[in-house]
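Here it is: the structure, laid out below.
Chains: A, B, C and D, in written order; residue numbering restarts at 1 for each.
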Amino acid sequence: MKASLLAVPRGFLSLLTGMRVTLTQFFKPTVTVQYPWQTLKMPARFRGHIELIVDPENGRYRCIACKLCERACPSACIVVDGAKLEGEKKKSVTHYELDFTKCSLCGECIEACPSDAIRFSKAYNLASTNRNEYDYDLMKTPGPEEKRP
Amino acid sequence: MSFLLTEPFRLLLSILCIVAFVGGNAAYLVLAERKGAGRFQNRPGPNEAGFGGWLQPIADVGKLISKQLMVPPEADQLLFRLAPLVVLTPAMMCLAVIPFGDTVVARNINVGLLMVFSFGSINVMAILLSGWASRNKFAIMSAARVVSQNVAYEIPMLLVVITLLMATGTMDLSEIVRQQAGGFWHWNFCRVWINPLMPVTFVIFFICMLAETNRAPFDMAEAESELVAGAFTEYGSMGFGVFFMAEYANIVLGCSLATVLFFGGWQTGLGAVPAAWGGWGVLVGLGFFMAKLYALIFTVIWVRWTFPRTQFYILLNLSWKILIPVSLFTLLLSSAMIKLLPR
Amino acid sequence: MPTTLEQIKEHFSGTGCALSCAPADRAVKGYDLDVSANAGDVVSAAEYLGGIGFALDTITGVDWILQNEMEVVYDYFHPASPLRIVVRTRVPRANPEVPTVSGVFPGANWHERETHDFFGIRFAGHPNLIPLLLPEDADYHPLRKDFNA
Amino acid sequence: MSASFDIAASAKSGETFVLNLGPQHPAAHGVLRVKMTMDGEYVMRSEPVIGYIHRMHEKMGENRSLAKFLPNTGRIDYLSALHYNHAFVGAVERAARIEVPPRAEFIRVITSELNRISSHLVWWGAFLLDLGGFTPLLYAFDDREKILDLLEGVTGSRLTYCYFRFGGVRDDLDEGFVERTRAFIAQMRPRLKMYRQLVTDNIILRKRLENIGPISPELCRRYGATGPVIRGSGVPYDVRKIEPYSVYSQLDFEVPVYPEGDCMGRYRVRMDEIAQSLRIIEQALDKLPDGPTLGKVPRVLKLPVGDVCYAVEAARGRLMVRIVSDGKEAAYRLKLRTPSFSNMSLFEEASRGMLLADALALMGSLDLVIPDIDR
């Protein structure tokens, strides 16, 4: 009987400590980032959709269209063709398409690429209303820095 | 111009003020609750509509009104439409008796407290009506919960008020407030020589008021996790809006009653307002009343965003096994003390 | 102290219900004892292991289409000891039928329904062998090797 | 004393009704449907109907090579994805006998323990939301956001990680990770104290959880329930201690066990586990050796014939991956033994005769992730 009698005031005290905790939180600053007006900077290894890397010396894509990434992709969302330009030892890429609706951003293509020709971009606001807007043609989409925040 | 001072115009003005007070409160208490909840949770709360979010209630009401009020076919047509009205009108009518200021009271009747409690209990019946009329499994279960919850918490509330009435001797709310003039130690909350457990009676009154208005931690009626939206599941646009308004009207009523009964209504805690101020004195009194009222409403919001919901049989145990015995004890104690100790 | 590996081993090799019972190195295989029994003795093995405190980890079906057999593998772990026992049994692929162990381990109820969904192995005596993960009217068994989506 | 209720008496009364909880119900976290036969507020019989989010991961494991199944492992239980990476990668390494450098092992332990804390925080917030407390969810997500930032810096993703590779991890820790993690640990401990004051000691919650939904060790064993469910019933079963894998044997931590076996016991186990995981991370950071983070792996990985099992202690319990291989590039059969599947299977027996709100508290205390059940 005594225990239950003691339980009521002890219980009431636990309620008060709970309220004290929320009151101290009441005066703490808010942690929200107001998304459309403020944006966060993406960390270095953020995984946006993949993009082709431009070789700084000759300003052309490093990709040699060897299709290793196409074979490594678990969801088969990469289609690559290349052609051997005359006077060139290696082939160069003519068409590089990525179906971003099926891509699971696992990075296997990047690991499989022998000539480090692709990397993750920093694009994250890619909302759109129709599906086929996600068939990215990596040759046409602008370079990494221009469009992406 | 003389008709301005006549009785019918005064009545019309007070009705207008009460409806405006309830309407404005309902809208802006929703915003206060969401902002308060945000601040308790380290987030800003609605701040998109208007500067800092003050247009949010207008947007809410606009959205609610524009939605179609659908009456489910198998619902009981008459009762379904009647329930929202029956839930809102008693709360408004009770506010007629609350003394906001020295002369700022709609109609001061000498059994004000009795009227408040008699109309207050209609609210239960209205929620039962809505739950039963919408023929929805969840609604019926929540209606049953509301009835047993309100019955369980009506008793300790009345016992507490009776102990208070023995001390004040009158049910006329304005008279009760006048008795608490002078420093704040004259407030009923601190009149320990009548009943040393007066703060405990206030806590019981506050808990019962939370349970009467189905506020967390006693919001068993619309416990989202089990009963989706409880008795109001089937109500669409303005139907749900009216229930929401009624909930906030009941909170305002409960808090103002607590302010009047325990914290000396419009009395300033620092001695009487000098008569020279005249009209302004009444406004100062009104200001103090509002400050106390919104402090209590802040506590109601504060309690909601701190505690989880109780289990139903714990809720009933709390009332029958703890609140009622304690309030009976305070009743006996204060009656003995009033009898033995000279006034 | 739960019974040791040797006691279990000689129980299985003793009672003759096990065709073969080979200890395995947990670092290499992940389990300690690999008992292969014929279909009828699966329940008695479950009762014995349940008796000494083992819990049923999972039931795995394997479709050996080349040998025209279906294999059912019962994994057992013990809440108080690191022992891991595997009991496997083979049934002909034509009408795969294994007695249910849901009497000993009610947890097996769902495992058997799932294995039935995916392989079509019937579990004799199972309280309600209706599809668990597949739609109610599913009559196909996706994990069979001859299932073409 | 929870209000229990004898079923036989009410069965005769006959006015029971069936209440459908889910599949799109605000309380069930995911598409789980429970058909509850109710008599008034009491649950007479509850039958969970699962399969609404069944994606057949096991068939995907068979028709694609081992490396291509890696992204799937992060999608089975998205709240503790790294444990599933670890189980699958561990099974392949055990079969193909691939050596994992010590630094990679420690990075694996650090990141999966961080993942365990973030998973427990989501459970804690959602469980309190079920019981009607709205505020703890926001505090939990505020802390979890810090873990996600830490892991996003290392792995690149926030929820469905694909970071472990056969033989190690994809990249080394990014610079500043160790300091930021230590700062997180220092900041998390007072938060845990605040959680205890706000929720664990709260009389309302204690009344809501104590001796509600009792689960006996025998019931756990018969259904194969593991993780915090079995540790909440007094059985100290933790795969990290009983079948030590990776470098857990070099780290010293306790396994929190509470004998009550009610919702409060399971609740306390998970809260203590957060504290224990912080301890593990701290020790792992101290012992973090230098060196490579990826061992030698053959170009085309083919597993020897036969089957192999690898068990891991995921946030919800014992996760076991069994790979049966016939020597070809893809697995011949891939079995995923997921903890929520067994934990959920005991709900039917454990929730008989309980009140509806108690049954939901019990389901919340089992910490279910529905795709983990359906796979």
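Here is the rule we go by: a residue touches a chain if its C-beta (ideal position, glycine included) is under 8 Å from a C-beta of that chain, and two chains touch if they have at least 3 such contacts.
Computed from a predicted structure; not experimentally measured.
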Inset, instruction - Would you mind checking which chain's mean C-alpha position lies nearest the centre of all protein C-alpha atoms? - result: D
Inset, instruction - Express in whole angstrom the distance between the two chain centres, defined as the mean CA positions of chain A and chain C. - result: 42
Legend entry - Distance between the centres, which are taken as Cα means, of chain D and chain C, whole angstrom: 25
Legend entry - chain C: positions in contact with at least two other chains: none
Legend entry - For chain B, residues that touch 2 or more chains besides their own: 40-43, 305-307
Legend entry - chain A: positions in contact with at least two other chains: 12, 15, 18, 21-22, 25, 31
Inset, instruction - Sort out which chains touch which and give me every pair. - result: A-B, A-D, B-D, C-D
Legend entry - chain D - residues contacting chain B, complex: 3, 17, 19, 25-27, 41, 128-135, 138-139, 142, 198-199, 202, 204-205, 207-208, 212, 355-358, 360
Legend entry - In the complex, chain C residues that touch chain D: 26-31, 50, 53, 55-58, 60, 62-63, 73, 75, 77, 79-82, 84, 86, 105-107, 109-110, 118, 131-135, 142-143, 149
Inset, instruction - Give every residue of chain B touching chain A within the complex, in rising order. - result: 36, 38-44, 47, 203, 302-303, 305-307, 322
Legend entry - chain A-touching residues of chain D, taken from the complex the two chains share: 64, 67-72, 75, 135, 139, 142, 145, 149, 152-157, 160, 162, 165, 170-171, 174, 194, 197-199, 201-204, 206
Inset, instruction - Give every residue of chain D touching chain C within the complex, in rising order. - result: 50-51, 54, 56, 58-59, 62, 91, 94, 97, 217, 220-225, 230, 235, 237, 242-243, 306-311, 318, 320, 322, 324, 332-333, 335, 337, 341-342, 345-346, 349, 374-375
